[in-house]
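One chain, subunit A, appears in both complexes that follow, with subunit B as partner in the first and subunit C in the second.
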Partner chain A sequence: MEILKTILSVTGIATVLTVLIIIAEKFLNNYGECKIDINEGEKELAVDGGSSLLTSLAANKIFIPSACGGKATCGMCKVKVVNGAGPLLPTEEPYLSPEERAAGVRLSCQVKIKNDIKISVPEELFNIREYQATITSVSEMTHDIIEYRFEFDDGEDISFKAGQYMQIESKPYGKVKEKATRAYSISSVPSDNKAFELIIRRVPGGLCTTYMHEHAKVGDKMRVTGPYGDFYTRDDSDQYIFMAGGSGLAPIKSIVMDIVEKGLDKKMIFFFGAVTKKDLYHTDFFREIEEKYPDFKYIPALSNPAPEDNWEGETGLVTDVMKRYVESGNGRHAYLCGSPGMINACIKVLTSIDFKESLIYYDKF
Partner chain B sequence: MEPGAYTAHGFIGDDSRSLKDILRADNEAVENMDLTHKDIAARMKYFTDVGKEAPDSVVILDGIYEVLVDDHRGFIPCPFADYAKELKTNTKLHNRDKDKDIYWSDLNIHMIGEHGFYEGQGSFFRTEPVELARILGLIE
Partner chain C sequence: MDSPQISPLIIFFASIITSNMVLSNFLGMCSFISVSNEFKTASGLGKAVTLVMIFTTVINFAVYRFIVVPLELEYLRYVVFIIVIAASVQIIELAMDRFLPELHIKLGIFLPLITVNCAILGISLFMVIRDYNFIQTLLFGAGSGLGWWLAISTLAAIREKTNKSKIPQGLVGPGLTFIIIGLMALAFMGFSGIFTIQ
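So, the complex of A and B:
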């Protein structure tokens, strides 16, 4: 009987404590309705306090670029907060320069809405939309790169500039219980506006790329947002140098197809760096363009061709190969997409031959 | 540390030991070699830095080591919640003398150097500390 009494009193106390905690949480964390003022009254949103700025904006169809889904690991969701954000968090510090901190830039995934807040965002973010899309083809490009085609459901279409990117949301799989959001460049041409294609390279242990490479299949529906980014060609040059490695080929493919399709009078050289022949892809595609479009030249370069590759093309670091073909800047624009190492090396080479740094555009991984 | 938090497979692999036990055992193995975690991390960083100088290319060092560094988009934070973040850069090292390949990420260099953590057994990037030191050329 004594034991039963003890059990009952302990259970009773635990229940009362639990109820008290739930009530306290409800009152303490209840920030009520808060207002988000965007661009000095251009838009005003009424949201329930307690969520992150990134989530609250997305709930109102304003999509801030974010490749990590709000985990403060990509540093892309920067927003200028005029006031109302509270103190800077340690999770934000590694991603913000002193200038950005001074200007009030914050990671929107780390800013919790607790009161009215004023923010400033670029106008083009208002054009980003959310879509439901279905995978309609999966094409293996290399041992670790796959190209996917997505078609929009309900006959929707998209307007994007060649070189921009989309964000896709993977689903839970295996031991991974949460969705993951990641950004991938569009590899298809803007005129193909009922669909888009992405080139995705497998990251060992990557949350989203593992999903895409091991689980995603034709017929799967996915939530996507876009288009994002400012890696697209500027019109004030008629000579473009392109350089890419790995999946960095995607935006260049889109840009080249767009220029060829529009019949623009541009001279283009595309340098693609790889280690061995097994890392090359879309070679026939670019060779075909080369044949049809005399102003386009495709130069793949292998840094370490295997003996069985019987490689007769350019050999060495792609930046060294580029030096053999490009003698000076001479009003050209350069567009680079690849690893930080490749891009830094390329900028060094280009500036050494009088390329203006302001005319070198890049999308660094 | 769990699958899905930062990576698809997590950092523990199929190791049934507690994190404390994993750290303790690896620390003992490193001490027995008269090395420190920082010695090992510094050697790994040396190879990675050499590889980064020649992107998308195999670099041969001393006629023994082949280094290939591979970059992917984005950052990965340290699971020890010290606000460290590393690029998603992976290094592959082939030791010709021992005919062995090992892989590590920039995050592994940080976790080994700062936390003495080599990941759990069965995880993708774990190499046993003694094997790692041997292939890196720190011990015979």
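So, the complex of A and C:
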């Protein structure tokens, strides 16, 4: 009897409070219908006020990149708000530079819609969608790098620029109870638009890479969003220098395939840095392009080849090797993809040979 | 102790100074230490705590007198108080966002933090143990809140100073903070000749 009374009273009190919160939410958090005006009237959305800009946009299939899911910890969901967002919140301050604050940039997960709001987002973001995709092949490239092919369910297709990336969501596994969303560059060509490929290097202790390497298998379904990013080739040069290390090869592969396929008249040279021969992959693939397409040159460089490698190619740090081939900027564009250490070293080398910093594009990871 | 005899005003001042929640009972330490790096933020949190303390003690007083006691559920007071606190903080936050948006921007991020502040629960439990009446409870809540605000603002002000001074390596951070808190507690206890409630 006593037990029953206890259970009933606690449940009763909790229910009353819950009802009170629901009522309060309904009356206090009801801001009526609000309009979101995107890019000066290019798109107009009518949403129910009271929730965050990020979730309201996502509900209307406009996906702003966000890795933390709206907790103001990743700082990725920046959106320029023209007016209607209210003052800057303390939670946003750490992620915005003085220039961004002056330009009205906000974290869309922290902006609550209470009235009509005007925002401006880059055109590319309209393209971003959520897909359901199935892994159709898993190919081991090196001892720690795997290439995955995903095909979209329901025959959907995607339109992306070579060099952009996708976000995939890992499922809980083993002791890891949470989902993780991570970004990986697309390694397949844009014309292959019913599918996409990702090259993922295993990061020790990494949530998503461990999931992919140990648990993901052919036939698995995953939630993916994309395409994101601005690491694609700009057209105002006909000479490109590419440099990559490890899984940074992915976007370069996509870009090179795209250019070759479209038959564009570009001179390209691709430096790929690795330690020993067992870290090289897709070598035959690039050699084949080299044969068919005289304007493309592939230069793998090993920093520390093993004796059994019988290595006859370039030796040394990939930045030093590049210095031997490239004398000056001369209107060329450079596209770099790899670890921050490699990219910073490379930018140093390039600027020392008269390369304009504004013509160096990079994707650090 | 025959509580009803104590003047509410004495309770009010005592809970600010001599029976300060954080310095004499060491309740609410987590946010007291972690959010006291900067004076501005600390003061913001202090205000939010004061507000929530006043509201929740009043609500909990009513819940205790009119629901818990008649139903003979005194042994459940911990559970009841904590859910009442959690729910009322939610509602206060919604209401504040609606009617006092400026205040919400200043205090808003602290409100959810406070839900689990032990000082808030402590107040409600003390009010029961000491058998306070309504006026005493109200002033006890207000006083404890102001006391907590005073304590965290003072600590933050001192820490802002010490952040700029030369400190032995081993004491930087929590070490020095605990020493400061200890000294502050001693200073506050110095007033105990004037009035005391526990």
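We adopt the following convention: the second predicted complex is superposed on the first by the 258 of 365 C-alpha atoms of A that agree within 3 Å, B and C clash if a C-alpha of one lies under 4 Å from a C-alpha of the other, contacts with A are read in each partner's own complex, and residues count from 1 in each chain.
Basically, a residue touches a chain if its C-beta (ideal position, glycine included) is under 8 Å from a C-beta of that chain, and two chains touch if they have at least 3 such contacts.
As the structure is a prediction and not an experimental result, all values here were calculated from the model.
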Review point. If you stack the two complexes on chain A, which partner ends up touching A:V318: first (subunit B), second (subunit C), both, or neither?
Key: first
Practice item. Would you sort A:G219 into first (subunit B), second (subunit C), both or neither based on which partner it touches? Key: neither
Practice item. Could you say whether A:L17 touches subunit B, subunit C, both of them, or neither, answering first, second, both or neither? Key: second
Exercise for review: Using the touch definition from the top, say if A:S9 reaches subunit B (first), subunit C (second), both or neither.
Suggested key: second
Study note, to complete from the structure: The answer to whether subunit B or subunit C touches more of subunit A is B
Check your understanding: What is the contact status of A:T91 with respect to subunit B (first) and subunit C (second): first, second, both, or neither?
Key -> both
Check your understanding: Counting only touches as set out at the top, which of subunit B and subunit C does A:P294 meet: first, second, both, neither?
Key -> neither
Point to revise | First, second, both or neither for A:G32, with subunit B first and subunit C second | key: neither
Study note, to complete from the structure: Where subunit B and subunit C land on the same part of subunit A: residues 90-91
Study note, to complete from the structure: Residue set of subunit A touching subunit B in the complex reads 67-68, 71-75, 90-91, 93-95, 172, 174-178, 182-183, 201, 203-207, 210-211, 245-246, 273-275, 303-304, 317-318, 338-342, 345, 365
Revision key, fill the gap. Listed in rising order, the residues of subunit B that touch subunit A in the complex are 2-4, 6-10, 52-58, 68-77, 83-85, 87-90, 103, 124-125
Check your understanding: Taking the complex as given, what residues does subunit C use to touch subunit A?
Key -> 41, 63, 67, 71, 73, 76, 79-80, 83-84, 87, 90-91, 94-95, 97-98, 101, 105, 108-109
Check your understanding: What residues on subunit A touch subunit C, complex-wise?
Key -> 5-6, 9-10, 13-14, 17-18, 20-21, 24-25, 28-29, 86-87, 89-91, 112, 114
